[in-house]
Each structure stands twice: as C-alpha cells, then as structure tokens.
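Here it is, the structure in full.
Going by the order they are written in, the chains are A, B and C; count residues from 1 in each one.
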C-alpha cells in the first residue's frame, strides 16, 4: 500500500493524540452523529432491508468463491465491448501500467474520480515521479490534496476538517494549483462548493485523460459502475478521450440484475440518501459518446491473500459505504489518521492487516482498535461480521500460524510484544481450570483487601489513570454460598 | 508467468476449500426482497416520483402535450438561456414555442463550447418513483452523456405514466446495460463538508423535470 | 426445573452481591437455584484477545459443569453471548482446523440452554413483574453484547418498568458502547476512557441516581469512571434492583 503511512505509530499512541485534540473530536462527533441518524431513517424506509442485506452478502460471497471464473468472464465482456484489460499483481505494477498508459497519450496531467484503489496504491505520487500531475476532483479529495493532508474517511476523506478549516485551505492553496479561490470566500458549504466548481471547471474541460475506480463491475456484461454525488465523476468519465479505471478484483458482481440490490443498499448506507445524485454505468466504449479508449486495470495487491483466509475473506465483500466508520465509537474518538491506512475505521482494522500483513507495529495493533461493540456489523449492508474477523486477526497476531503473503504460503511467528500477555492468559487459563487454586487466590485477595489501592502503579495505570478500581469484597460469592448453603442459612 | 496467470493462480489456490459442486449462482443467491415497496396506483406512483424528485431539490412540473411547449419556453426564459443544447431526435414541438438558438449535439463540439450554453433539454429512458431518479441512456432524444452534464440547467421530460417505474429493480429490467447510462437524482450535490448535504457542485445546479401526461 | 447459576468469574470475585441478588430473586419466583462449585470462567477474555486455543479448555469445563442442568442462568450479557454465539463458532473453527467434531459436540448441549438473566425471566419464566420495589430514579445502559449479541431488546425495560417505586429515565446515546471491551480498556486506554467519560456525561444528564446494566464488567468500567469523575450516579446491576423488595430493600 501507499508509502504515505510508513512509520506510523501504533494505533493506541496515534489515537491518544486524537482524543486530546478538541477540534478534531468536535468535527468528528458532529459529522458522525449527523449521518448516523440520517442513515437510520433512510434504512428504516425499506421494509425489506434484511432481505437486501442477505442478498448482498450472498451475491458477494458467491462471487468471491468463484472469483477466477468471474474474472475471466469480466475480462471477456470488457474486451468484447471495446475495452482493454490489464492485470496488476501489486501496487507497483498497477502504477507502472497506469503511468505507461498516460504517457502513451502524450499528456502530462490527468483528472481523477475519487477512488480508494488508487489511494491504496499511491498512484498520485507514482505519477508525480513520472512527471504527470494528477488532479483530485472530488470535493473532499480536493481539500485533502490542497491541504497536503491525508484522507481520514472512506467516503468523506476530509471529515476531520470543519468548514472554517476548509475555507482557509481553499483561500490559501487554490492559487498554486490553478484558479484561485474567489475573494472574500465565506465558510458556508454552498460557497465552498461553488469555489470548488470554479476551480475545477477549467481542468475538466481541458482534460484528455481521466482516472477512476469503480463501485461495481458486472461480469456478464462488462459494465462498470461509479456512484457519486457531485458530477466530478461524470466529468472524468465522459469528457476525456482516454479513461483508465483501476479496480480491485473483488468489485465484481455476476449479473446486471445484482445491481438492484447494491443500488438500493449503497446510497442509503453511505450518504443516507434514497439515491445518490449521479450513477454512471459504461460498458467498454461507445461510438462518439465519451472516451475513445477505455483501460481496466484489475488490482490484486493483497486481495488474494485475504481471499485465502476462510474467516478473513468476508472483508472482501465490502462495498466501501463507510457506515461502519460513521457508527463506530472508536473511530469517532480516534479519527481516521490513527489507523495508518487509507482504509480507516472498523473495515480498515480488518482489511489493512490482511492486505499489508501484520508485521509492522501499526498493522499488528489494528485488530485491537475496537471494543467489539458490534455496531459495525449491525449496520454493514453486506453483513461483514467485523468483530469476528477482528478476533481472528488478534489470534493471528498473538499465536501466529499459517497465512498467505503475496500469494505464498507462510507460517507467521507470534508477535513479540505480546509475550507477557500470553503468559498471563495462560496462567489465567490454568487457574480457571483449577477452581481450588482460583479460590485460594480469591481468598487471599479478600483478606488483603484493605491494603488494595484504588489506583495502580506501572502498567496498571492504563486502567487506573482514568478509572477507580472496584473494592474487593470481604468474601467471594462461592464462599458465601458454601457458608450459607446458598442463602438458606442466615446471611 | 504474466500477472494475469499469477493472479488467477493465486485466486484458485486461495479457493482450494470451495467444493467443485457448490450450489450454482441461481440457488446461492436468495432474493428475499421486494420488487417494489408498497402497492400504488399508477397515478400514486407518478405522485411519489414527483415528491421524491422535489425532496432532493429537483424542480418538478406537470404538463400535457398542449402546455409543454409554453412551459419549456417559460423555463428557458426564466433561466435567461438564449441557447439550449438539443439531442438529435428531441421532438421538435417540445421547444417549438421557445425563441431559442438550438445547439445540436455534435461529436465535434468541444466541452468548452458546451460550457457556454445555458440549458439543455432532453427526454429520458426511465424514471424511478421510490428514489426520485431519472435515467438517461443516450438514445437519440437524450443525446451524448456530456450534454446533460456541462450546461448548468437541465430540463428533462418524462413521459408519464409509461416511462415511470416504482423501483430500482423494475428500472434495471427496462434498461440496456450495453448503453452508457446516467442515473440522475436531483441536481449535483455533496456531503463532503461535515457530512451535511448541499446542492450545486459540478453537474447542472438546476434540474427541472417535466412530467408530460400522455 | 434444575437451574444452575453461572455467576461468571468477575462477579464471583468482585461482585458477590449480584450473585446473592440473583439467588434471592429466582428463589422468590419459585426457582430452585444451584451453584455448581466447579464453575470458573467462560473463556471470553481469552477468546476475544486472540487466545482461542486457551479458551477451549475453559469452554469444555463449562460444558461439563453445566451439562446436566435444564437451564443455565447468568447475570452477564457478555458471558451469555460468549456461550450462545461464540461456543458454536469455536466448535466450527476446531472442525475447520481438522480437529474433528469433538469440541462442537461437547459444547452443543449447553448453548441453547444458557440464558442471560432478563431473558430467563421474560422468556422462560414468563414474568415481567417480579414483585420488586426500588424507590429510585434509574437509567438503563443496554450493554453491547446484551443489545446486539443476544438481542435482549425491550426485556430489561419491561422488567424495570414493572418495579414499584422505580422511575425509569431514558439514557441518551444508550446504544453506544461504554468503552470497556475487555482488554480494550487497557490496550486502548485513551479511547476507552473517552468513551467512558461520554457515557458518564450522558448518564448524569438524565438526573438519575442509579445507572443500571445487566453486566458488571461494563459497570466496573463505568463505575470506575463515575467514581473518578465524582459523578453523582451509582452503578447498580439490574439483578440487585429486581431482587429488592420493601421487606428486604437493596441499599
């Protein structure tokens, strides 16, 4: 994945900094609470939501379980419709393919539709190194690009910015990239949107190469689908002469009909709308309408490693709606940057360690970035059991074991940092297997209870820095039960 | 080994646990969801379309064949458009009353040229009541995708009731996937600032939908 | 009906009053309660921290200790969810690892017979008015495993609403996690504490004297936060409220 995040601190440290940032906390709280309530209303409108969710899950599961067949079918359909299909095993290869295609056109700038796949592979940086300037055209991506910032949300990458901050970024940075922001720009969302419209207009009108991802690819027809709101997607998909779409191999659905599920569940889960303002579908190229050349770059970059994990593969069902981020109490307080990946939040915590592995400190810490409260699973429109995968990945971190990395079978070693915890867990498991030993321990604790502090020194401060410890009772329950014969005797 | 073979090989190895005789697609995917939400008369479905279009800030009008040319004239004049793009087979009588320079949808026109045009008038392929959506499929009464994108004012005529369906599943049944499709639900909008929805970004900032009673 | 109390290791050691309350309540409702002395821990903390293999012997012990009872009642949403949701999954995983059906078969009998306390009262005994008296203003925090894991729904509310003297007030943001999450509370202490502080603020905003939940693990975290922030709200397990009567009131 992108090198942008190399050297990130582990999640707990990064999250601590975010928790202590009052502006960030307020921005995230406001945005996530706004969308939570709206999503709940949009979903409640559909009496058959559970059926749609189950169908979405099964369509994706079936596709993943027969992905080789559907990839070949998709390749044939896209090629038959006039497109060219490329295969990229990893980020470097995808970047090389895209840079090569852009150079063939003789152009030195491209306009981009917001795309997680191109964020993941660090395409903009790779193109820059080849002398090609990539303009992000989604409003939030523009804010991030102009602010020399990193995305912090899948759907709304600038969610960590409030309107005042956005106004300042536009006012100070737009001029360096093209048309400056209007004089006396206010911080009303309508004015900010207008400023983006004016700034990007000239870039859209002169663009010769567009780069996109896709929300869905239909194997039987070779159709690609982009779901968006602003119209920047339509600009990039229809005005340029060449269109290059970089899409993860898991984005396939078998049939045209399958879209009837996702075009209902995605908008309501993402922006809480009955339907997003614009959805574009295209199948290869169309004579005298839109790009004359269409290239599809199918991206693996760790997806087949996730596919090899029977528990973890369900993460590949994800349709990138962000509902799990918006509902997550940890994301709300830690913010997206703490996850050290373009995929933050609950889905990022299960996707990133599968795509990148668990070798780095940040990636090994991600499966623990959750209280397992289950709100993410509840809202997921394709029913990814995120807590189940989190726990599974925790097991991989502490126990190691067989996994697949870049297509090769490997045996992972247990993570070093967990040695003390592992010993404690084993000791506890032993004690719980020997009730008499457990009882002795409980009694010792009760007898010495007046000596127990309400706060702990050393590592125990992780608990008692903010919370008092409960008082140890005079007598554990089991002693009371024995003494009173289950309460039949006096108290 | 090329990357195609490498990736397909990885996929096949990853799926070693999948039995070869697994249930086929038709059986594996239950369709326990509705074809449409609620039972409505044809007129109620049209009313729902109007309501949902308006909910996302499209401006909705109703007209019969007699009223349509005057309505189109009025809307173009109100927008101050002297020029409007028209697709090749837009029924000429729709714009007959308007005192207008008709810019024909031609492949040779540059996006910059289109950007100087105030309005565009199109038909549509289908409209979806439950979501307040009109779908364009590039037919000759709708034109190339870009003509309904670059001008800032889009007038879209929906023939009711025949072009109106209740739901997304019903719309997909009617649409041809080989055509380039544009689904439009209200004017362009964004939720990118504080996840609050505001209308008016890159696409037409004014979407007017005329429900043409047949 | 032979009913076993699965008190949980946390309650046994730290919250014996909750156990006594369950015994008192069920006895009052005519249920004969047994407390098998071989019980220890369901293995939840191990499982959720990534030590599934260490949790397996604990699950086997649970199945042995409780296997002969018609019903196992626990005053803990999370431990109840461990048995009901995760024991079957542990069996499946062992099978997928080529270790046969032994674990799945051992665990299967206790899974459907294990009930969280409010479930047992409402679904098995069919009571919502348990004859309790508790003259306090109470707000209820539906813990994550109770709410989303077991789907307790309105059961706790119905039980509380029937308690004489009790004034039940809604907790804003009730469905949001308190931030405990087992080892999450120490592994991600900053976020956990921030979640706890928000929960406490919401509880205070209700004006309630008592914050009630059906899980002492969450109450340990919320209570520790309440005490540190010197908030005027007390954490009390729902069993202690339901056990309280005019003759023998809870403190």
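The criterion applied here is as follows: a contact is a pair of C-beta atoms (placed from the backbone, for glycine too) under 8 Å apart; a residue touches a chain by one contact, two chains touch by 3 or more.
Composition by chain, UniProt nomenclature: A = Iron-sulfur cluster-binding protein; B = Lactate utilization protein C; C = Fe-S oxidoreductase.
Keep in mind it's a predicted model, so treat the numbers as computed, not measured.
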Inset, instruction - Treating touching as the only link between chains, describe the layout with one word: line, ring, star, complete or other. - result: line
Inset, instruction - Please indicate which chain is farthest from chain B (Lactate utilization protein C), where distance is taken between mean Cα coordinates of the chains. - result: C
Inset, instruction - May I ask which two chains are joined by the most contacting C-beta pairs? - result: A-B
Legend entry - Centre-to-centre distance between chain B (Lactate utilization protein C) and chain A (centres being mean Cα positions), rounded to whole Å: 29
Legend entry - chain A-chain C (Fe-S oxidoreductase) separation of Cα centroids, rounded to whole Å: 32
Inset, instruction - State, to the nearest whole Å, the distance from the C-alpha centre of chain B (Lactate utilization protein C) to the C-alpha centre of chain C (Fe-S oxidoreductase). - result: 52
Inset, instruction - Enumerate the residues of chain B (Lactate utilization protein C) that touch no fewer than two other chains. - result: none
Inset, instruction - Could you tell me which residues belong to chain A and also touch two or more other chains? - result: 310
Legend entry - Residues of chain C (Fe-S oxidoreductase) defined as touching chain A within the complex: 7, 9, 11-17, 19-20, 23-24, 27, 33-35, 37-41, 43, 45-55, 57-58, 61, 89, 93, 96, 144-145, 148-149, 175-177, 179-197, 220-221, 223-225, 227-228
Legend entry - Residues on chain A engaged by chain B (Lactate utilization protein C) in the complex (per definition of touch): 27, 30-32, 34-35, 45-48, 51-52, 54-55, 58-59, 61-62, 65-68, 71-72, 81, 87-89, 93, 137-140, 143, 155-156, 158-159, 162-163, 166, 189-190, 192-194, 196-197, 200-201, 204-206, 218, 221, 223, 229-232, 234-235, 237-239, 249, 254-261, 263-264, 271, 273-283, 286, 288-290, 298, 300, 304-305, 307-308, 310, 313, 326, 404, 407
Legend entry - Complex contact set, residues of chain B (Lactate utilization protein C) against chain A: 2-4, 6-15, 17-18, 22, 25, 28-34, 37, 52, 55-56, 107, 110-112, 115, 128, 130-133, 138, 144-146, 149-150, 168-169, 172-173, 177-198, 200-204
Inset, instruction - Please give the residue numbers of chain A that touch chain C (Fe-S oxidoreductase) in the complex, ascending. - result: 11-12, 15-16, 19-20, 25, 310-311, 329-330, 333-334, 367-375, 377-378, 388, 391, 393-399, 421-422, 425-426, 428-429, 431-433, 435, 438, 442, 445, 454, 459, 462-470, 472-473, 475-478, 480-482, 486-487
